[in-house]
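First the structure, which I've put down as structure tokens, then a few questions once you've had a look.
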Amino acid sequence: MHVEEGSVVAHEPMGSAYRVLTLRLPRVAAQARPGQFVHLRLAMLSDAVLRRPFSIYRVDGDCVSILYKTIGRGTAAMKSIRLGDAMNVLGPLGNGFPLPTADAIALPVLVAGGYGVAPLYFLASRLPRTGLLFAGGATNADILCVECFQALGWDVRLATDDGSLGVRGLVTAPLDAWLGEARREPEFFACGPNGMLRAVGERAVAGGWKGWLSLDRHMGCGVGACLACVQMIRKDGVETLARVCKDGPIFESREVVWEPSEP
Amino acid sequence: MHVEEGSVVAHEPMGSAYRVLTLRLPRVAAQARPGQFVHLRLAMLSDAVLRRPFSIYRVDGDCVSILYKTIGRGTAAMKSIRLGDAMNVLGPLGNGFPLPTADAIALPVLVAGGYGVAPLYFLASRLPRTGLLFAGGATNADILCVECFQALGWDVRLATDDGSLGVRGLVTAPLDAWLGEARREPEFFACGPNGMLRAVGERAVAGGWKGWLSLDRHMGCGVGACLACVQMIRKDGVETLARVCKDGPIFESREVVWEPSEP
Amino acid sequence: MTTPQLGITLAGIRMKNPVMVASGTFGYGPEYADLVDLNRLGAIVVKGISLEPWGGNRTPRLVEVSGGLVNAIGLQNPGVQGFVAKYLPFLRHFDVPVIVNIWGKTAEEYAEVAARLDGTEGIAGLEINISCPNIKAGGSAFGTNLESTARVVGAVRRRTRLPIIPKLAPNVSDIAAFARCCVENGADALSLINSYPAMVIDIESRRPVLANVTGGLSGPAIHPIAVKLVYDAARAVKVPLIAIGGITQAREAIEFMIAGASAVAVGTANFTEPLTALEVVDGITRYLGAHGLASAGELVGTVRL
Amino acid sequence: MTTPQLGITLAGIRMKNPVMVASGTFGYGPEYADLVDLNRLGAIVVKGISLEPWGGNRTPRLVEVSGGLVNAIGLQNPGVQGFVAKYLPFLRHFDVPVIVNIWGKTAEEYAEVAARLDGTEGIAGLEINISCPNIKAGGSAFGTNLESTARVVGAVRRRTRLPIIPKLAPNVSDIAAFARCCVENGADALSLINSYPAMVIDIESRRPVLANVTGGLSGPAIHPIAVKLVYDAARAVKVPLIAIGGITQAREAIEFMIAGASAVAVGTANFTEPLTALEVVDGITRYLGAHGLASAGELVGTVRL
């Protein structure tokens, strides 16, 4: 974990609604593991006191990339970032995904919603073997990196709410179709909206498979100090409040105690 | 007076410590008179609630230029303004200098301190005749636009605190030297620090000449509503609080009631 | 879908929309009239008026801070007679309710100002400033004490038939008690809030930046505080509330209305952007339309817990 | 010129410099230890501790606003025993005073926590949180009432020999009265201020953004308010003051010291930039040098009126 000042080496649109920002961050790059995130300081937004968390999407040598979508005022301000700008980054943060070994029996099955594909691509690029990616989004603009996964040899199945790419519907549709005929045990790695994570988690629990879910919580400090990002976790029958930023963002499906109101 | 959105058509350094910002502002440009100012909204500084006032330095067709120095956080943020950016401008504001007619007897004598030269250059460019400019500053970097005035046919006399350009000392040194041997009545037009304005005003009062001083006060609204920028003014023996933004920034030397503590 | 109704009647004052401009930030009307169509405002609250002309504090009177400004204008004004002679004739040309913000150094002075304005043509209501942080006598001293709040509001009530709208101070622990006190003493509506007592020191000179030493913080910085106070007051009293504090766009105004305000007033943002109040009107209109609300009133106090 | 002396002794606690980290914004120490050299801090004030473990509020617990954030963590903590077992051993490895922020639902609970920490190795002092806006019982309710303030401070005083530092609420009209009340009841120093009661409403859902409905505003937005409160308190009492509220760089800390604070604590800015406290230390050192001051103490309360 470092506070590192990095200069912007690339900042490009990805499709119509996303951007990729690449920073030279040798110290963060050296430590980063798939599933971890960075906490970006938005100096250009002078009335912002909070950093913004983004999953690590790629690490290439000294460089760290994130893939982001414009959601609100922070990500809107990020659009003005230019090549050569200095950005202050806190990271890498969080626990990261457990990396299955080359001889693990289960088949890695990644499930991504929108920008949730970012940490999963980093994961895929670090896995000694290939598997399946299920990617979903509202529309085809939210389906990202398909070619990159295919280039790594992954089998990609898609779903969009409006049917503009892949199956029309939720990503669970192609996932359930595959599960129905699957001949190998899956091990899930999922990142996306809560509803999706919960659905994947339920399938993992029901099937008795492992399911690693990357949770998305609004964050303050990002390092476990402020207790803003807590999630109820059950371990050995005991419920405790875990900090998504520090103890997560990755939790095993069985551990997550979803609130009744959560989708 | 308008709120006008203008695009940046030029933004260049002037010497080592100043910059000139030029905006396309047809409506402001059409109304602007020398001595007036614009109130610039600093959208890039998201925690700023006040605009920043700058004298109009040039008007060329549709375009309005200001000449500014980096003083604090607002002017520092202005450095990042790029060509094509949209800037929100309120103006032109204030009363402006009275323009002497071509047949006026007195000789226009401009006295500038640092960026105080900005409204005086606009004035000179609109005067039907030439006169003298006395310009002072801390160092040669604070002496601006000398060639422009000379190109208009003005006689320029300089002073710097460190003697790096012109006479060493205050601008009153060359001014007093000239006054000692002047064969024509001066009419003063001055813009610069309070101490300088006061000194020029005293000379005007003592000599029985007209002296127009452009006062510099911290401003809120810029239009006369908030009463932040008041200055005690004596008119026909009655003291009243005038608003520098609306009733000024130009006041005649005799009217200004300097506070005892003011330099 | 029909266009939402923005008009409201607040304490008997009919307004075209619930968006006013706050006292002290919009002068007496003429200052912004070239830029802002005054007829499009819900109401204009003019700068605080006292019995006699008042010079206010020495300069500097205002300093910018992060997300706001601290002012100590000190209630400079031409006095009630000066206001009536100099500004009211101008304001009468417009079709917009004028609310006069009044203050005094004693309860009697407040009442006297009210009495002189009572029956004057072109005045829709009185906002009673019991909360100015910038004068030694009166001001905030009244508004942070229940007894003197009652005294001032009661005294004004007895001398005018105009709607009276006490303006509450934010620096109290129990805003509900002050809201109730005002209503019990005859308030027709409440304005909240005034600027928050604050101080800025120049670290180079080690002097307070403001000549008055302390001042009042206004602007976006105080908005979340103001929302809480409006929410608390709305649950304590039934009279309509005018919410003030840090509005820069429709979002903050809508937040106030959801919290329980019937109307809002734009203050500091007039300096940042003179057209703010009109933009807020448009923003509220769009919001009501998008949310299927037929009128501004349908939004008031609808916070879902 | 010799290097300025930054060390201070505050309520008997020796600190290397006057820059602390504020309760609830720095966890219990380990969270930031990889980034910040804890030995360079003036003191660490840990997250509020209660008698029993406490789960805090539901999420969302925190929301950013312009120039600050509103939090309603709700004082989640492992309880006094959990703290002593889990975190104190770690903290003992460092050469930095640890001040434990304590709270309770009754005056007796406060006193009981204090008693349990009394004599525990590695604790330099107790900060008494009578001002948390985020719990229903206790918290702010204590700190905005002189009687209960006296009761809590007095009860804690009787059960501990550690220096006690009540932490005042900002939402009072007369901070001087609360400062005096604390001192009369045995306070060795005062912390001011806690976050300011506030509320944020999501205009789309019309629900409060925080699960707790309301929360506390912290960050640059409240700095000018805090300076005024520190200035007022400094003229009311003689005990040292720890100023808190909106520090992001040395400038704001120096402003507090000029206003009368002997020390300062960095809160929200730890989230923005974990190295803030250390930068503030360096900035104060430079400032003292540039102004020919031999020690941090020479700056305290030197505001020129």
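The chains carry the letters A, B, C and D, assigned in the order they are written, with residues numbered from 1 in each.
Here is the rule we go by: a contact is a pair of C-beta atoms (placed from the backbone, for glycine too) under 8 Å apart; a residue touches a chain by one contact, two chains touch by 3 or more.
Given the structure is predicted, the values throughout are model-derived calculations rather than measurements.
Q: Among all chains, whose Cα centre is located farthest from the one for chain D?
A: Greatest centre separation from chain D goes to chain B.
Q: If I count C-beta pairs in contact for every pair of chains, which pair wins?
A: Greatest count of contact pairs is found between chains C-D.
Q: With centres defined as the mean C-alpha position, give me the chain C-chain D separation in Å.
A: 34
Q: Nearest whole angstrom, what separates the Cα centre of chain A from the Cα centre of chain D?
A: The mean C-alpha positions of chain A and chain D differ by 36 Å.
Q: Using Cα averages as centroids, what's the distance between chain B and chain D in whole Å?
A: Computed from C-alpha means, the inter-chain centre distance equals 47 Å.
Q: Can you list the residues of chain C that touch 2 or more other chains?
A: Residues 66-68, 220 of chain C each touch two or more of the other chains.
Q: Can you tell me which residues of chain A touch two or more of the remaining chains?
A: Counting only residues that touch two or more other chains, chain A contributes 46-48.
Q: What pattern do the touching chains form: line, ring, star, complete or other?
A: The chain contacts form a complete graph, every chain touching every other.
Q: Touching residues of chain A toward chain C in the complex: what are they?
A: Touch residues, chain A against chain C: 46-47.
Q: What residues on chain C touch chain A, complex-wise?
A: Per the stated touch rule, the residues are 66-67, 220.
Q: Can you list the chain B residues touching chain A in their complex?
A: Per the touch definition, chain B meets chain A at residues 44-48, 77.
Q: Note which residues of chain A are touching chain D in the complex, please.
A: Chain A residues touching chain D: 1-3, 41, 47-51, 88, 90, 217-218, 220-231, 241, 246, 259.
Q: List the residues on chain D that touch chain A in their complex, please.
A: 24-27, 31-32, 34-35, 47, 55-56, 58-64, 66-69, 71, 73, 76, 219-220, 268-275
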